[in-house]
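In what comes next, subunit A is part of two complexes: it sits with subunit B in the first one and with subunit C in the second one.
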Partner chain A sequence: MSEFIETKGLKKVYQVGDQRVEALKGVDLEITQGDFAVFMGHSGSGKTTLVSAIGGLTRPTEGTVLIEGNDIWKLNDRQLSNFRNRKIGFMFQSFSLLPTLNVLNNVVMPTIFSNSSRKKNADELKTKAISLLADLEMQRKVYSFPSELSGGEQRRVAIARALINDPEIILADEPTGELDIRTEREVIDIFSHINETYKKTLIVVSHSLTWLEKAKTIIVMKDGLMFKDVEDPVEAIMEGVCKQ
Partner chain B sequence: MIISLFRLAYQNLQMKHLRFYIILISVSIVIGALFASSLLILGIQHSLDKGLSKLGADLLVIPKDSLVNMKSALLTGEPSAFYTDSAVLDKIRALKGVKKVSGQIFLTSATGECCVLGNSFLIGFDPSDDFTVMPWVDKKINNSFPADGAIIGSMTPWELGDIVRFYGVPLTVWGKLERTGIGLYDNAVFFNIQKAREMSDHSQSDKSIKPLANLNGKISGALVQLDVGAKIPFITFSILKENPELKAITTGNIATSARQTTVAVFSGIIALIVILVLSNILMINGIYSAVVNERKRELGIIRAIGATRPAIFKLIIYEALLTSVMSGFVGMLIGGSLLKIFQRSIVFYLRLLNIPFMLPPGEIIGLLAGGAILVALLMGISGSAYPAFVAVRIDPHETMKQGL
Partner chain C sequence: MRILKLSILELMRRPKKNMVIASSIVIAVALLTSLSIVSDSANSAIMEIIAKTGHTLTVRPAAGSSSAGAGEKSQEYKLTTSEVVMDSYIPEDAVPEIMKNYDKAIREGWERKGGLVSNPGLPEASIEPPTWAPRLFEKAVVDGHEVIVTGVELRKEYFVRFWWNLSSGEWPAETDVTDVNTSVSKMYVIDSKGNVVINKTEYGVDSSGRAVASLGKKSDATESVKPILIKGWDDAYLGGTYAKARGLKVGDKLTINNTAFNIKGILEETNSADDYMIYIPLRTAQRLFHKEGLISLLSVRAMCPNCPVGDAMVALNKHVTGITAVSQLDVAGVQFDFFNMLYKFLLAVIVSTIIVGIFSIFNIVTGSLYARIREIGMLKAIGASRFQLFSIFIVEHFILGLAAGIGGYFLGLGMAYILNTLLDIGAVIQITPNFIWRALLLGIVCSIVAIIYPAYKLSKLKITETFRTQWET
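Let's turn to the complex of A and B:
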């Protein structure tokens, strides 16, 4: 496996009124292709900011984000949008499906912004979307609307949407937040399945320790700093809790 | 159907029905009012143009003092009461570049006499040099215009063969003009210029009616047709140089003047529509600002999954355009239908104001409809442009931080 994602001296400073908040304090990170990396840590530890910087959503104050050796923050808005569209499949915590669109249209929505995908005809797109939904056991809900789906089903649709443009990276921020234990396990199994079957690089941000069972790489975030390959991540996280 | 940016915009409209209908109703009213009033104004102008084109003349030469009244006469059908010597006809004929000259006498019809229409425009013309009346006769008894014959406008109450009497002079209705929509023609009665002079003589002797001016050797004006290539300004200059008591006006000038009069009549309505358009733009702006604010989360997600800034801008603009175009069509339907339903009443009231009206031709109505849709489009774009700029600036990272 080759180095795929790399951050060097990544810093992010927010100015909140008169206060200067350092969300990231110089993060050096390497993630290999096909990895299943889970970022853990408490609220405000910098997980989401780090993942946003990797995903081209928030510009770092300092440092670089290299994807396959290319600094994504040197791209202009159009190139960066195209990068997000083609290279990354995003999955957000909840309510990320558009309520006016049915499941099928929610899944194919990213293709609206992907010129190459639009060259495919509608039938091809539909077939691909239905195939993805079938793989996620959602084939019977293709024409349902988000309001008619359970929390777990909504997550499956969001996963299918993240996969529709065949991205190399899936970036998920709290994908199992607000789910019960059983549904959470189902979603984690799906992620594991995606990692193994589709060979996608997964980057997941979560508070839940259940992810540790399937993760290949565990990264603990604390006060804007990153700790990789910690011997006992649970203890590391718990220690953070105790200190806080 | 697979989603597209345009379809996404359409689907979004279905989320907030109330807002959609508020914009739809409000913009429809504006577009309906704009379409209907434009149709009215153009209808009036079309009537004038059609009527003026039937003059067949390049210049109208009249006594200086009757200029204002002449414009009024052409617009409203009210006659003029200024005359000049008929000798000017030969002087004008002699000018280089003049092809035809036809003298006419305009009279006011006497009221209170049997079978006389109070507001008729009585016009004496010379059939021997006429080129403005005879070519436009729609119906006629035979091919020979008799010495006591009359040609009536389409809005006069008589039929072919009827005997009409003006200032004691009987005339037989020989022909009828097709409808023009212009008062000058539609309410007019044309007859031999000699009969006009007979009427003048009779009015002097009959004490029961208001006497006309002595019209022997007089005309109200001359219609002048120029040779091909002759320059109107040069001919006008030549006429006025030799006849300083006259005024020469082009039919184009009359049309412009008439248009200005029409626009003046409708200026209040136009001003109101402009205010309504501006207030609707502000309303659309307010509604779409709220829409963007409420949908920050959704727009952030769309941006995160690869939408460029222009795509987000287009998404908001498309929504506003769809609403405003739909409103444009509904407005035109309402405005057009109301105009059709109340056409008779509107025409009646316009006639009370002595304003002619005929629906303009289909292609003009088509252009007007296109213009109304364009106004609706511009309202949509103007109203939603600022909210769209706000939407473009939404930070997708913020939406992630907010737990979306």
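Let's turn to the complex of A and C:
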């Protein structure tokens, strides 16, 4: 039986001027459905590239990314967009909320690009968005604008937005970047709650060791290579020494 | 929420940048709209002249005779006398010859065409006889100001110039004064059908001092004719502008060459030399200025649609000496061609300006879109396809272009009125729905053309490339 998410011989090469940079050097990865996988490693280790390739954001130079047995990089632009919209909920630190939209509209925004959600009426979507926001303790900020929210609240809205189309995978790149310890813990707890309550498969990229407390799978990246099930991930990350 | 709402909100997010883009489009639309409105209105005015006078032929004394020409202007009334012939005459004796040649040419031209163009095969009998209207132009000093006094047969003149209307007063009675001797010795009166009603009349003077024809006999009748008042020999009609400038109204009197005239009517303004003249009966004018048997100009209005007036013009110029026949259609055609040439030149200038403007808009739009790279990356990541992204930009610029088109239309409308006044074009500004459609279309096209390339490039952008860019606040 194939894994829920599987990469085979995944390579990614960037050409920077005359220099050839190998961001991924043939990664074979398997993630089961409902997993809470945290990718850790130094900057430039290739973790964001790997997660981007899994999320259909960065086309790999070589290898395949199979989601439920289907190679996503064989899809055309429209199919790939639909895949991202339907299957994956993104939460990237850099992908902020739209300042012109209030919290509610930011949350329902992915539905305007979704064929299935478009068929639902506005009230239905609104109810779903408010329910998600309530679950994330944001019910009192439904009509606020992003500029009126704290960093932690903005993350919660981004999580609600990632969940609105009911995707099977939540992909988060540095979701707790630039947050204080307390808020970081709150966000991590929310992720854990999503994993357990909504049974979503979580893939998180982070530098923060706090994630290790809740992660089910820890994957350490170093120089474009992946190390899974390392004995002491903290040491591996800190020292850069990875043992299988 | 739909793409339309998202686009509107995004537009509102950058009011300053969008105002700059919209302003450029507004100017482009306004320029083209004002040119179109002025040009179409001027063309309509010319077409109206063609429609009015298209079947009118003007017979003047031959070239070489002294004529006021186009250059002569009265400073006081801005009188353009291109339609006026001075100090040069056609003897009335020549009129039958002119009429004969005209009729022959019309008939031959008609036969060659095989009947009415609009109704092929319609018999010649359906053609009404043409109306001939003579004019005598003379300068006179009235109340200390020089003015052109025009002798006309008012009823015929009114028939040829059917666009004439009175702003006040009334048209003359059924009969035209055909001969008046101001020393009151002999008078003729003919009716509207041209029959002599009274000849060799004896005259009298009524209690108010007006000439009265006493008993007479119709030349072809045996019964007596009751004495009638010969109305109209001292009637005067004024061009609208002249009356306004002199403050004259119906019922007032004016004196021309020591003869008193009663103002019977004021003509509505027609934007022609007619507005600046005084009209008195032709016979009265001939006597008053000692030009018996002479006329300055003869107009004929053919009474059939698509009459071969050009044929008549050629025939008259060829066969009748001492006259020049001019088709008003040709005169208007020359004006029309000139205006079209001017329009094309200005259009080329404006289109060039618009193209340059589109490049400016393109630069602003490109800068504006590149500032949104992160947002584009986010939209792509959450599932917006290339087409959907492209649609967002197109809808944004469609709305922007539409708004700019509306603004440009109203600005252009204002500019058209100002241009028309400043350049003294004299056209009556006519607004048709076409102008608004054109303005909206131009606004939308300018806006969308400027966005297509940057939108296409950005919609193709790889999501990971957007990571390195700052988020626009």
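Keep in mind that, in the parts below, the second predicted complex is superposed on the first by the 236 of 244 C-alpha atoms of A that agree within 3 Å, B and C clash if a C-alpha of one lies under 4 Å from a C-alpha of the other, contacts with A are read in each partner's own complex, and residues count from 1 in each chain.
By definition in this document, contacts are C-beta pairs under 8 Å (C-beta built on N, C-alpha and C of every residue); 3 or more make two chains touch, one makes a residue touch a chain.
For clarity, every value in this text was computed on a predicted model and none was experimentally measured.
Asker: Are subunit B and subunit C a fit on subunit A, or do they clash, once the structures share the same frame?
Answerer: With subunit A as the common anchor, subunit B and subunit C collide in the superposed model.
Asker: A:77 in the overlay: touching subunit B, subunit C, both, or neither? Say first, second, both or neither.
Answerer: Once the two structures are laid over each other on A, A:77 reaches both partners.
Asker: Quick check on the superposed pair: does A:52 touch subunit B, subunit C, both, or neither? Answer first, second, both or neither.
Answerer: both
Asker: A:177 contacts which: subunit B (first), subunit C (second), both, neither?
Answerer: After superposing on A, A:177 lies in contact with subunit B but is clear of subunit C.
Asker: Would you sort A:18 into first (subunit B), second (subunit C), both or neither based on which partner it touches?
Answerer: It touches nothing on subunit B or subunit C.
Asker: Answer with first, second, both or neither: which of subunit B and subunit C does A:101 touch in the superposed model?
Answerer: both
Asker: On subunit A, what residues does subunit B touch that subunit C touches as well?
Answerer: Dual-contact residues (subunit A): 49, 52, 55, 57-58, 77-78, 81-82, 84-86, 90, 92, 94-96, 98-101, 105, 108-110, 112-114, 122, 161, 165.
Asker: For the complex, give me every residue of subunit A touching subunit C.
Answerer: 49, 52, 55, 57-59, 77-78, 81-82, 84-86, 90, 92, 94-96, 98-101, 105, 108-114, 122, 161, 165
Asker: Would you pull the subunit C residues touching subunit A in the complex into a rising list?
Answerer: Those residues of subunit C that touch subunit A are 1-3, 6, 9-10, 12-13, 374-375, 377-388, 462-464, 467, 471, 473.
Asker: Could you please specify the touching residues of subunit A with respect to subunit B in the complex?
Answerer: Residue list for subunit A touching subunit B: 48-49, 52, 55, 57-58, 77-78, 81-82, 84-86, 90, 92-96, 98-101, 104-105, 108-110, 112-114, 122, 125-126, 161, 165, 173-174, 177.
Asker: Within the complex, which stretch of subunit B touches subunit A?
Answerer: 1-5, 8, 11-12, 14-15, 297-298, 301-309, 311, 395-397, 399-401, 403-404
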